[in-house]
Amino acid sequence: MNTNEFKNIAKKGPDDRTAIDLGPVGLGGDSFVIFAGPCRVESRTQIMEAAQGIKEAGGHVLRAGAFKPCTHPHCDWGRGETALRELREAGDTYQIPVITEAMSRSQLPLVHEYSDIIQIGTRNAQNYELLRELGEYPKPTMLKRGTWMNLRETLCQAEWAYFADPARGVSGNPQIFMCERGSVHFNDHMRWTLDLAMIPSFKQVSHLPIIVDISHGTGGPGNTAYYRDLARAAVAVGADGMMVEVHPDPARSMSDADQTISLKEFAGLVDAIRPVAAAVGKQV
Amino acid sequence: MNTNEFKNIAKKGPDDRTAIDLGPVGLGGDSFVIFAGPCRVESRTQIMEAAQGIKEAGGHVLRAGAFKPCTHPHCDWGRGETALRELREAGDTYQIPVITEAMSRSQLPLVHEYSDIIQIGTRNAQNYELLRELGEYPKPTMLKRGTWMNLRETLCQAEWAYFADPARGVSGNPQIFMCERGSVHFNDHMRWTLDLAMIPSFKQVSHLPIIVDISHGTGGPGNTAYYRDLARAAVAVGADGMMVEVHPDPARSMSDADQTISLKEFAGLVDAIRPVAAAVGKQV
Amino acid sequence: MNTNEFKNIAKKGPDDRTAIDLGPVGLGGDSFVIFAGPCRVESRTQIMEAAQGIKEAGGHVLRAGAFKPCTHPHCDWGRGETALRELREAGDTYQIPVITEAMSRSQLPLVHEYSDIIQIGTRNAQNYELLRELGEYPKPTMLKRGTWMNLRETLCQAEWAYFADPARGVSGNPQIFMCERGSVHFNDHMRWTLDLAMIPSFKQVSHLPIIVDISHGTGGPGNTAYYRDLARAAVAVGADGMMVEVHPDPARSMSDADQTISLKEFAGLVDAIRPVAAAVGKQV
Amino acid sequence: MNTNEFKNIAKKGPDDRTAIDLGPVGLGGDSFVIFAGPCRVESRTQIMEAAQGIKEAGGHVLRAGAFKPCTHPHCDWGRGETALRELREAGDTYQIPVITEAMSRSQLPLVHEYSDIIQIGTRNAQNYELLRELGEYPKPTMLKRGTWMNLRETLCQAEWAYFADPARGVSGNPQIFMCERGSVHFNDHMRWTLDLAMIPSFKQVSHLPIIVDISHGTGGPGNTAYYRDLARAAVAVGADGMMVEVHPDPARSMSDADQTISLKEFAGLVDAIRPVAAAVGKQV
């Protein structure tokens, strides 16, 4: 690994770490930040209920999709600005910052307007036009690692968004953080294989924060049975936070129902990781 | 595989095949179509020389990059419209259709203006905004399979571009064809593993043509030693064509020099596949 | 790739190729050798019928299991010496050499006694005790590549069997040849991904023959639909032969029924590859 | 996953867990068991020093190779019985149980005679003759998961060794435990990808203990920098123990020097995981 390739995101020294201010909580410091919420904003009632429950249980950031990427084109693409407005209201009402995905340049202005944090999904991990555009939207922005990308490519992804290209009049976004969300792999009992060694590997080179998505990072029916163990492992391995799918009524979740837990289960999950966080010097 | 998912690209019967008119040659019929050229349009002289040599050796389509996707941001992004103009001139002069990549919506108008065929790269294989936009640019369009995508996802990729979404006022592009270009894999002596079984697998379900990129499909120093064998295998496995990197002076190629062959080697390659093509009822 | 590592199996020059005498046919020369037969020797009648049909259709070697490796222990381990005796009789009656697997040292004497060619399976690809023992059984021996092994490890596997260790009083077996049979991979519509680029890669370094198993190399329901195309690709890519599962009555095959073709389909397969073989200077 | 396939190793209820008595420590209960030691027994001095340091630092089991599997045949196969004798002496002197690998049936009697725990390596993960033989050697036995094996195959591996085949007069070994040691993968900055989700996945089905090898589970130059984080993650994810390579003088280690830590570093590692173990109800 030639770390000179990464002029902007490479650590200047062993203790060089970027902290990103998410409002009530800081990412990249001593807090283990929990991003939770439903796959989609399905209704005002659903997202308000989710926000309240997640905040009460100790979650720090509310996640939910307004624009939904779909592998298959004949699908429901989400409720767009209506969903963004509801998400914003839920965040304001329960004083919890919100994150949602922008799938394209054309969605960035709206997402930037309504959301506290911008999410760029795994399918756009090497969509350079989109990565370059992030400099125009100066908010904390989470990049999901591509499911096919090795460490160098992951570092390049962060460098792209952070740096953009001043020489061409395009400046980057210094509030970038990464999300590990599993890789394609030969295993077949889960949809993806979660590469937790990516956390210390990335942190060895870069000063940027990195979190773990335990829901999409494994995927598929039955993976909720492992959330407690994977969440604890994410804390222990040194991640700066985690993301998990939570729904007020998982059985009625319009998507990803299989990998979604209830508010009560979420509260249990938060409790289960607190002692591990404490053991590694983090607070939840 | 539920082929009902693919309403538009699924075959209606065993002999349902789409043929795409590329001008002097048809893709998806009895011809094995050879796409060849340098990684980049480096200069007018270089691309004119490449066009002439490729046409004389029996190549059918001239490929070369004007806009270059770069894993690392501190790189040369190509010569843009200048390159497109030179590519167009080379195509016109030597009567050979040209293909070049559009990396983003903003590049589509220019690429559409200058190029006979539009290429969408592997990194944008699930960039749905870009795929949807293709309906606005009614030219033959090649989609490279994502290096991480299984058969269903590959079929979805084609369905996206072909179908778009009429209900939302977005129509697709019926002149879509695919390009197999290798997958991420544990092997380390080449950069990617070329999955030739993807050709009959894709054709079992879809009526669209599919070609093989033998250069990027393996990748890395030394892979040119296998071009003859891989090209023959691509013909024999039933692909509708292939793509290969060819440069008038490979050692001076500004990029991908390792995986680029000379015009003379290219002529030998074309000769080497002719008998195999004949053996499977194709003509080169 | 440091080819000095492979003192014995590395080519001494570009044309250095080992030919192995299989009786009526030579492996590693101008012949494309077809190994065909049922997964298991199920009965005398079945294997006699298979032998006759395969010989008549143009197959060169009869394959069938007497000892069966089973991923799951609660399984049928094959009919052992009874099966070997029937396989031998079928080979003698129809004048076709036979190949069958030895799963362990303890099975080697019997397999050596009854079979013309010894097969070592993928699960034993790094079972060094077994590889070393092969020097004691001087017959042509086929090693299946491990589904997890990269090029270097595959070359090491061949070097182990070929070389053994004279310094420790263990000599090797110079009649070794390899079989490519697919790799673990993220694809899910077939069981394995067939890496045809392994053929020229292996031949670039080693003088040993290498064949392709198109049945196990893909695996799973439906893969027989691709046998014609994969067999043609195997010839075209430069393999010295191929292996395919054939049964007089596939629907009643005790194992691997999904990936087994009938004698009539086999005859069509052989006919389908003849012109491709001729096109690359091989004869079937 | 059809758990009925695993009659013997499947859990009878959610709390069904096997505990294996390793002497001073029990595996599969509330202890997190640390297996540590050099790659090889290089000399009496080396292994005595290692045993003393590991015991003092809080390690529970001394690991070291007497017979060494080598991917390449022209290698040093270890010091055999001499090494076993020294390992035994080190274990007795410092009252620490020892584990070492048997690569073959012929090595089992000696390994059984000298060692407290038998190790079967990843290359023999589907060497059924060896797995079946384990019933004859009634000692705790660790099976390393094959680097290519999915969950079902891993469960089959354990079922093989545990069950063998009483109907054929072969009984199994009920003191089996598993070791997760990474998978083949496309990543290239480490040699293998450690699949920590395999721990809860395996435990969901089976009552057998499972540990994590953090050294071989990642592999390659530089991975020692991640040992603290990976060890903590192994504890947190619910593993019953871990294995790590430790040498009195890593720089002079005859093999695997890159992935070996010193006794002092090992002591720091043990200290680093204690609070995490406590946090998840385990003791180190």
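When the chains are written out, they are named A, B, C and D in that same order, and each has its own residue count from 1.
Simple rule for what comes next: a residue touches a chain if its C-beta (ideal position, glycine included) is under 8 Å from a C-beta of that chain, and two chains touch if they have at least 3 such contacts.
Owing to the predicted nature of the structure, the values given are computational and were not obtained by experimental measurement.
Within the contact network of the assembly, the step distance from chain B to chain D comes to 1.
Distance from chain A peaks, on a Cα-centroid basis, for C. Here A-C and B-C were compared by C-beta pairs in contact; the pair with more is B-C. As for how the two copies chain A and chain B face one another, over half of their interface residue numbers coincide. Chain geometry summary: the mean Cα position of chain B and that of chain C are 35 Å apart. Distance between chain centres (mean CA atoms), chain A to chain C: 48 Å. Between chain A and chain B, the centres computed from C-alpha atoms are 34 Å apart. Contacts with at least two other chains are made by residues 148, 152, 184-186, 188 of chain D.
The touch graph of the protein chains shown is complete.
Contacts from chain C toward chain A in the complex involve residues 184-186, 188. Partner chain C is touched in their complex by these residues of chain B: 1, 148, 150-152, 183-190, 193-197, 199-201, 204, 218, 225-226, 229-230, 232-238, 275-276, 278-280. Put simply, chain C touches chain D in their complex at residues 5, 7, 69-74, 103-106, 123-124, 126-130, 146-148, 152-153, 156, 159-160, 163-165, 184.
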